[in-house]
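Each of the next two complexes has chain A plus one other chain: chain B in the first, chain C in the second.
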Partner chain A sequence: MLHIKPILSSLLRSKSGPLLLLIQIILSVAIVANASFIIHERLALMSRDSGIAEEEILSFNVYNFDPSMDMAQQNKQDQQILRALPGVISASSTNMLPLSGGGWMDRLVDGPDVETAKSTPGFAFYLGNEQMVDTLGVKIVEGRNFFAEEIRSSPAESGILALVSKPLAQAFWGEESPVGKIMYQGTDQQVEIIGVIEQLQGAWVDHRNFEYSVIANVDWGGQGANSSYMVRAGAAALPGLKDSIIAALHRENPNRVIDNFKTIAEHRASSYRDHELMVTILSMMVVLLLLITSLGLAGMVMFNIERRTKQIGTRRALGARKRDIMSYFLVENYLICLAGGILGALLAVLLGQQLMKFYSLPKLELIYPLLTLAGLLLVTTMAVFFPARKAADISPALATRSV
Partner chain B sequence: MLSMRNISKVFKTDLVETHALRDFNLEVNEGEFVAVTGPSGSGKTTFLNIAGMLEGFTHGEYLLDGVDVSNLSDNKSAAVRNEKIGFIFQGFNLIPDLNLAENVEVPLRYRGIKAAERRRRVEQALEQVGLGARMKHLPTQLSGGQQQRVAIARALAGEPRFLLADEPTGNLDSLMARQVMELLEKINQAGTTIVMVTHDPELARRAQRNIQIVDGQVCDFAASGLGQQQGLRQDQELTPLADLAADFAAKAKASA
Partner chain C sequence: MFLYYVDLAWRSIRKTPFLSLLMVLAISIGIGITITTLNVYKMMSFNPAGERSTQIHSVQLWSQGPDSWDEFDVNRTYQDVINLRSANLAQRQAAAFRTGMALQSDDESIAPVLQSIRVTDSDFFGIFSVPFLYGSAWEASVDTEPAYQVVIGEKLNRTFFKGENSVGRTVYLNRKPYQVVGVIKEWNPQPKYYDPTNGAFNDAEEIFVPFSLTPIEEFEVWGNTNGWKFEPMLTYNDRLISEKAWIQYWVELQGKEQIDAYSDYLAGYVEQQQALGRFTDPKQPRDKQRLVDIAAWLAQNNVVAEDNKVLVGLSVLFLSVCLVNILGLLLTKFLKRAPEVGVRRAIGASRAQIFAQYMVEVGSIGLLGGVLGLLWAVGALQILSARFDIADGLTRLDLSMWLITPMIAISTAVIAGLYPAWVVCRTKPSVYLKSQ
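Up next, the complex of A and B:
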């Protein structure tokens, strides 16, 4: 038997200690539930699949200082050199790097008339040649890749083709296939959609259109003094790839700086660093709050055992078994935790609404306060269990002692 | 009702062994009112704890209501205490956070008695001790005598066949002590066996039989209730109480 009524009566008659604990639990549940929700949201963001072979792609920049150099020609030569390096799967120039936090963003419209044309959402606008798809390791699920002869050197040229990411295609065209559609950049530049990429994220991890991307058939390398490249290589070749690239490109032309080597996985880590820090801080806070609450409850139980030693002996003398004494303290703990948990869950929802309002966070799901409450019950059960077992070992003979 | 044969209780520490009870023999018959007296440190509380199954003993045999309770498990001991024994403590031992009805209800809850029956018994027991109108009061709102009556009600509510009272009037003034004693006599007349440990010779005289414990033994063999059953040897002489008391005083002086 749990004897809830007399335990509740007893708690209500000596309120101050349990009340302080109740307030602590209410605040803990409200904070822990929201913190857990934010942690989960951040982890979900961080674990999104980019669609890119992040670990296999090494990106870098080439800064050319020789004014006599034919940049466009040098770019083509450099790409051939890169592709010929041992272990390299593919290489491509690019105007932006995925997950790097910087790049191009654009929109397309579905007609030349600005008054009536409908605009796509903003998307990350990659420029690359026929090697770009292989270099990124993305998958074309509909349509085709660019052919080498279709590659242009500027997005302003005619014959611009585009591969769009599936999330963008679904957002703008719905279930209809975008392949073959003619879109416009401004009023006169036509862009033909020739394929759909299953997934390709942009550069800005916090942007709401992060999954919307387009690759246009433009080799952007050699457009200026600074060119960006991505080289995809097998895991075995990647460790020595940086040195191989520097040596090979310097061999071709030593009058340049080759720098800023980073894998896309490293770009990802940099972009998500704030999220990671937030997750770490919030996780520590959650653990500390649960620990402090558990210690508070364990402290209350130990204090109560000291205070009620003779009472426990009397209960034992009157027929309480050891498990009755244990269950007394556990039920007392559960009553405080449940009351605090329910009020804390309500406060968590209110707090969640405020966070939603002021920090554009998604709505707190009810499962978080419930899971927090379940976690709190588990942790506090462990905290209360040992003092309660100690109480159960109090001898009934204590009832007759003058203590 | 209660039969203790050659009970010994030894408390051991690293340095000393203390014999709280040695070859302790006692028979208490059904419906008897027995007072147990003795000087401080004589073993009265140890006897009470063993009789009430609040602690175990080192050697011997203890039959309660014809059942050997020497080696019961903790759970079974608790059940026997709950069902057969009513306790009245010197300090009342009421739970201050519970009202009178909840206090009286405590042993009934441990027995798993249903709520309606618990309520009936609680009301009856509190009525019996004259506190039926104060069921919702807290113990701190009562006088010492009233608190002891609540403790008696708590013992009675379980309808025990055996009541153990530990200095039931020790914390009460003479008027209240007399009232409590009259209540115990009434309970005994209704058929409940009572063993009462007391310092008060006046109260002890009101019991049907008086046992004196000295140095962990019943000092009057006849009073132990075993004389008739076992028969005294012809050459055995009973030590007069006065001699035992003088002997105890001498020992106490020597050890001081």
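Up next, the complex of A and C:
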């Protein structure tokens, strides 16, 4: 039997000690539950699959500062040089890089009349040539890719075609296929949708329209002095690729700065860095909090045992077994933990509501306080177990000796 | 007496090494976490404008049409900037945006570098108190009569001119010659309050060129360009005549009178533009303009990350857990020493003396915890900045922390110690003397 009644009445008599422990557990549960919830939510964000060959795509920037250069021509030539490099699978100029934190966002409307046209949600607007699909490593699930002869040099020209990501297609057209639909930019610029990509994310990892993307058939690299490229290469070729790209492009024309070499995987890491930081700090907090709570608990139990040496000796002399002494301390701990856990869970929910109100955090799920409580029971059991075993070893003679 | 109490405290701490260590650890960890998050928060929320914060204003106009943006944009359109600049009503005023070009000098042996550049007006340096090493900003006349002049930073001056006074020399931006008129001292306000839109903790630009060159040189825009309606942008001129917002506009105004006068002017300007068919949103002209001072500007740009506020809140809660923890430990410790207190009381120590003695003991524990906590915080900040590539400005320990940390630590410990010390100094001597 657990003998809850005598334990409870002794707890109620010695007000302050257990009360403090109770407060501590309430606060710990509230903090740990919310922290672990945020951790879990951030980890879920960070583990989202981008659907592209992140590790194999090297992106970089070319800044041409030779005023006499024909940018459009140079862009075409540079891409041919890139594709001829050993190990390179494909290459495309681009106006933005996936998961990089910077890029274009746009909308299309479904008719030329401003009054009646319905607008798509905002999407990441990629401009690239016929090699972009292969370079990104995305899959076309419906329709087709651009042909080389369809590539334009500006999004304002006629004959603009577009590939849309599946999540965007579903959000705007539902079950209906978007392939063949004519969309508009403003009132007179037509965009024909020719294909659907299974998955392609935009540049902003925290944006609600992160999965909405469109690729248009525009070789953007010739637009100005500043061009970005993505090159896809096999894992073996990637390490030396940076140097060979710089050498090859400088050989063609030295009047440019070639830099910002980064794989998409690196862009991804830096875009998610803030979340990673949050996860790290919060995990540290959770671990330390449990550590402090359990150490404090162990310290208090030890001192209680010293104070109660006589009492324990007397109980042993009167026939209590070692097991009874141990279970006394453990049950005492469980009582406090449970009470603290329940109140703490309530506080956690309240705190979660405040966080939700002031910051863009989702609602706290109840499983987190419960898990926290389970963790707390486990940790405190260990914290109490060893001092309690020491208490159980007190010999009955000790009690009688000093009387 | 104080020293005697310190001595007693030290003895008492040594008598219960495990318990004391626990307490010091608990405080230090609580302090370590709190100071780490507080430091980052403090660095983020720092206002580099100081007392000039209320004098520097970002001019903001509701130039968007109906049913588009539902808040003021941080940037202005080129046409608005040109109109405001030519009105020239503020004490100082400057348009600004970011571009980038390749920088070279006559010394061919130095490889060209791609540099981030600020395109702005001569007043920019005065508004943001940019310190000069050599020379000065370009003449105000250059703001209306474009000239190829440039102000460069100390570091570039070292690279390209060996640190000599380079005023009058030539640098090449995209192979075009610009004459150096000034060299500024190391200047890198954190947060980058004059333009936090592309990373509030990025480094300041080191090259400044006249805004008046914009339509001639067609500087690329390396900042945000926001549009609320579809406008084709095929040429640079399309950009200049568009409703797209991409330029920050700053004015310096002293006192309420000047601010009110400028607001009146802006309202009038909006009305005049409405008559020309712009600013079509049905809002009162007065509500379509506002002046935002630096503090509000930093808030508008969300310079302090939300996550950081959550962290500061959680770490304060964390510290309070530590406080309760120590309270419990102190209570058990002091109660155990009650017999000793009984004896001291019996031979004449007053309650106040006992209380003071225990407060000194608690305070020493707090101080030890604080010092250790500060070390934790320094370590944590170092590890975080190395691991997560955070801007140095955020992970440098703020000077004030050397004062704040022991203060928080000691007061935490003292608050935790109040109740136990009070309990113990109420001890009746007779109870303990009897049992001896």
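Note that in this section the second predicted complex is superposed on the first by the 402 of 403 C-alpha atoms of A that agree within 3 Å, B and C clash if a C-alpha of one lies under 4 Å from a C-alpha of the other, contacts with A are read in each partner's own complex, and residues count from 1 in each chain.
The rule we apply is simple: a residue touches a chain if its C-beta (ideal position, glycine included) is under 8 Å from a C-beta of that chain, and two chains touch if they have at least 3 such contacts.
Computed from a predicted model, the values in this text were never measured in an experiment.
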item: Touching partner for A:359 - first (chain B), second (chain C), both, neither; value: second
item: First (chain B), second (chain C), both or neither touched by A:38; value: second
item: Partner chain(s) touched by A:84 [first = chain B, second = chain C, both, neither]; value: neither
item: Which superposed partner A:395 touches (first chain B, second chain C, both, neither); value: first
item: Touched partner set for A:226, first chain B, second chain C, both or neither; value: second
item: Which of chain B and chain C A:287 touches, first, second, both or neither; value: neither
item: Superposed model, chain A: greater residue contact from chain B or chain C; value: C
item: Contacts on chain A seen with chain B and repeated with chain C across the two complexes; value: none
item: Complex interface listing, chain A residues touching chain B; value: 1, 3, 6, 9-10, 13-14, 310-311, 314-322, 324, 395-397, 399-402
item: For the chain A and chain C complex, residues of the former touching the latter; value: 16-17, 20-21, 23-24, 27-28, 30-31, 34-35, 38, 63, 65-67, 154, 156, 185-187, 189, 224-226, 255-257, 259, 270, 273-274, 276-278, 280-282, 284-285, 288-289, 291-293, 295-296, 299-300, 303-304, 306-307, 355, 358-361
item: Residues on chain C engaged by chain A in the complex (per definition of touch); value: 18-19, 22, 25-26, 29-30, 33, 36-37, 100-102, 112-114, 174-176, 220, 229-232, 234, 305-307, 309-311, 313-315, 317-318, 320-322, 324-329, 331-333, 335-336, 384, 387-390, 419, 423
item: In the complex, chain B residues that touch chain A; value: 45, 48-49, 52-55, 74-75, 78-79, 81-83, 87, 89-91, 93, 95, 97-99, 102, 105-107, 109-112, 138, 154, 158, 166
